[in-house]
Amino acid sequence: MMNRRRILTLAGATGASTLAMPFVRPSWAQSGAVRVGLLLPYSGTYAALGEAITNAMQLYVTQQGGKLGGRAIEFVKVDDESAPPKATENTTKLVSGEKVDVLCGTVHSGVAMAMAKIARENGLPTLIPNAGAEAITRAMCAPNIFRTSFGNSQVGDATGMAMLKAGVKKAVTVTWKYSAGAESVDGFKKSFLKGGGEVIKDITLPFPDVEFQSILAEVASLKPDAVYSFFAGGGALKFMKDYHAAKLNEKVALWGAGFLTDGVEKAAGPAGDGVKTALHYVDSLDNAENKKFIADYTAAFKKAPDVYAVQGWDSMQLLRVGLEAVGGDVTKRKDMFPAMAKAEFKSPRGPFKLGTSHNPIQNFYLRELRGGENKYLGVAAEMLADDTTGCKMA
Amino acid sequence: MSANPLLEARGIDAFYGASHVLRGVDFHVGRGETVSLLGRNGMGKTTLLRTLMGLVPARGGDIRFDGEDIKGRRPSAVARAGVGFVPEGRGIFPNLSVEENLIFAEREGPDGRRDWTRGAIYQLFPRLLERRANWGNQLSGGEQQMLTIGRALMSNPTLLMVDEATEGLAPMVRDDIWRTLRLIAERGVAIVVVDKNLDDLKKLCRRHVILVKGEVVFDGPTEELSARDDFVRSQLGL
Amino acid sequence: MSLILVQILNGLQYGLLLFLAASGLTLVFGILGVINLAHGSFYMIGAYMALTLTSYTGDIFLALAAGIPLAFLVGMAIEWLFVRHLYKRDHLQQVLLTFALILVFNEAQQSIWGNYPKSIPMPSYLSSSISLTTDLGYSVYRLALMAICVGLALLMMFVIQKTRVGRLIRAAESNPEMVEALGFDSRVLFRVVFAAGAALAAAAGMLAAPVESAYPGIGERVLIISFVVVVIGGIGSIRGAFLGSLLIGLADAFGKVFVPKFSSVLIYALMALVLVLRPNGLFGRS
């Protein structure tokens, strides 16, 4: 009896695995490449960010001879259009349709949340090269999800510290009314209120509205010492220009999370002069990695990299650590993820390591925009970690 | 039938989607001739005028106007060839003043004549002169009808096609319209007129055409129409 | 100057600019009967044309002089290539084709001008700011922009009320078939109207460029709000578009400051209210 049963079990197992073979071929069995699915915006307001992230990732892999951990890397791109309603479908396209081995995305927090939900369920190695949505490394944290960028409140937190240090006492916050803006302002208040600062008013406008005139008039009437703002891209550029044209900059210092100026330094022109921001990167950082990164990136793409490129670059550094730990076998997740979680490496932004919830612990730098360049003024917050509230791994 | 008619249509077929509305219609108008087009509701009178105008595509047959083939031409080309159109429901431009409605259509005729000036129209319809500054939609039904006729005349047409010009108007206003149409006919403009009032039509027109379900069942002079009174009345449902 | 007066100024300025963008949309919708989703793309093209043409001419107004005829030609070409096939088709097909045009225009924008936001220089003689209050300045360019918009609005109303072309446009808006039956080739008229609409949107994009900058997706934002203007003002009505734009501008300016919680829905609430009171819009005809 015993014997017969064992044989049956064996036969069953063999049958099952034979059947399953065509569908879930273990990737080490393939002589082929590790397929990295890129869910990024290649059109719309955030297209420039998606482009920078992709460029840097490709550059890193190319410099490694096209391989990480001994395996060739193949990128599969899907334009997420920064459209949350399409996020699930687009993620599924990569996961089930393209059967990627690694998932990487994205810029828009709403899209990233939908992606992270799917990633949590199927355990695929997942890298987040920008979106700062808090939940991803808080309540929704997962062993397979790693962020190489920042948490929204982390940036605000660091900026608040810098503003206090600069003597700001009364501030007004201005941002788009969406979760990233709210989280950024929360982070700002965390340090700013604790340090004795006062927030007179939180002003929001609908995303991605760029009619700032009425808001600027209100700021003028409130007479704060400074404004803390969270904007990015075209909206950020317009905000700085309108702020300047309204002559507000003469009385009320304009501060913001670093995204305010990144990518639009030159375009802002004189309107950007004197805008102070904090961010985990500034291109004038004096370290060897950064210098080489800037030189190589500029040579390859005929334009200078930005913080988004750095984040893309580091996501490949992190993937490399993971793949090297398992000899390129992405199915050995049990070994791959802890190796990535413990990874420490040199980034163009300075030292890089991850906190318990897989969000970077990193330096934040105080920068001042002047003459079309972000000048490095010092460290605003040293090796700052983000809150891990609600993360069961922490 | 004269040897060289102004308008000559042969074997016209027209459709709305799948429904066959005109079936091999032959229709002609001589120079300066006045012709009535009769028929019960839905028999295809309006469709025939619109097809001649180029507003509804003619599938079969051919249409010649003033010796030229106009089948398949755009309505604007037909209009410029010398056809003035007064549509059912009038088609006034409500957001143009009375005067603008007239100026809008101002053009010399195909023969280079400019008989119908604004002055001439105001003479024909003194009411319009009084209301020249009013918007099109501020006019009474009768005034609107005068304006549409006047507007069509402003392009100095050689043929005027009038669809149900007296419908819904008070008897006095109707008489006014009939009187004017006679005046216009006396000036040498050929007229095709669709109407329900047989008596008035007999006074204005010398020839009459009856359509039944898209086919011509009668085409003859007033005398013949009067002679075959029973037939005519049955065809018209009178 | 009190906050209220400042907001009136802001609202009027925003509304006037909106009017330029929306007026073309209402004309095309009202006369051609085409729902042109690509209208915002002409605004975007205008913004980027301002970028390129100012780099050649050195001045936004010279750029405008060259850009408006250029946009008119682009409009003619688009009408001839695509839009004229839509006149007899239903709205779904119009929406599909014009949506496809948006994608094409956006792709072209990306490959020609790239993805980064671009700044368009203000003319130096207008780049200063005057003081509205002790704490608040107002860009002289914005004031000039308002004057130009008012000028263009007056010009447009003059053309529409007093000229032969204007008569044609008004007539076509109420009864395009009769226009044709009175001897005017509506193909020509439609092409001109479409091109004029494109040129107006591009002009708005160009004029706004020095304050608005140029960046991907700028057209879609304008498109949506322009549709709201058209619905409020009444399809095809220039006067309606004018009033609707100013209403939205003011609602936006005051909403953001006095009822910030509802500012994002305020203009849509305004639209709903107008639709309840006047289903065809302020100046629309049934």
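In this document, chain identifiers A, B and C correspond to the written order of the chains, with residue numbering beginning at 1 in each.
Simple rule for what comes next: contacts are C-beta pairs under 8 Å (C-beta built on N, C-alpha and C of every residue); 3 or more make two chains touch, one makes a residue touch a chain.
Remember, it's a predicted structure, so these values are computed and weren't measured experimentally.
The largest tally of C-beta contacts between two chains is found for A-C.
The chain occupying the central position, as judged from C-alpha centroids, is C. Chain A and chain B have Cα centroids separated by 73 Å.
Inter-chain centre distance (chain A to chain C, centres taken as mean C-alpha positions): 36 Å.
Per-chain CA centroids place chain B at a distance of 42 Å from chain C. Here chain B touches chain C in the complex through residues 53, 55, 74-77, 79-80, 85, 87, 91, 93-96, 100, 103-105, 107, 151-152, 155, going by the rule given at the top. Considering their complex, residues 43-45, 47-48, 50-51, 177, 203-206, 208-211, 213-218, 220-221, 223, 233-234, 236-238, 241-242, 245-248, 251-252, 263-264, 266-269 of chain A touch chain C. Interface residues of chain C facing chain A in the complex, by the touch rule stated above, are 3, 6-7, 10-11, 13-14, 106-107, 110, 114-119, 121, 129, 131-133, 135-139, 141-142, 211-218, 221, 252-254, 256-257, 260, 263-264.
On the side of chain C, the complex with chain B involves touching residues 167-168, 170-171, 173-175, 177-178, 180-187, 285.
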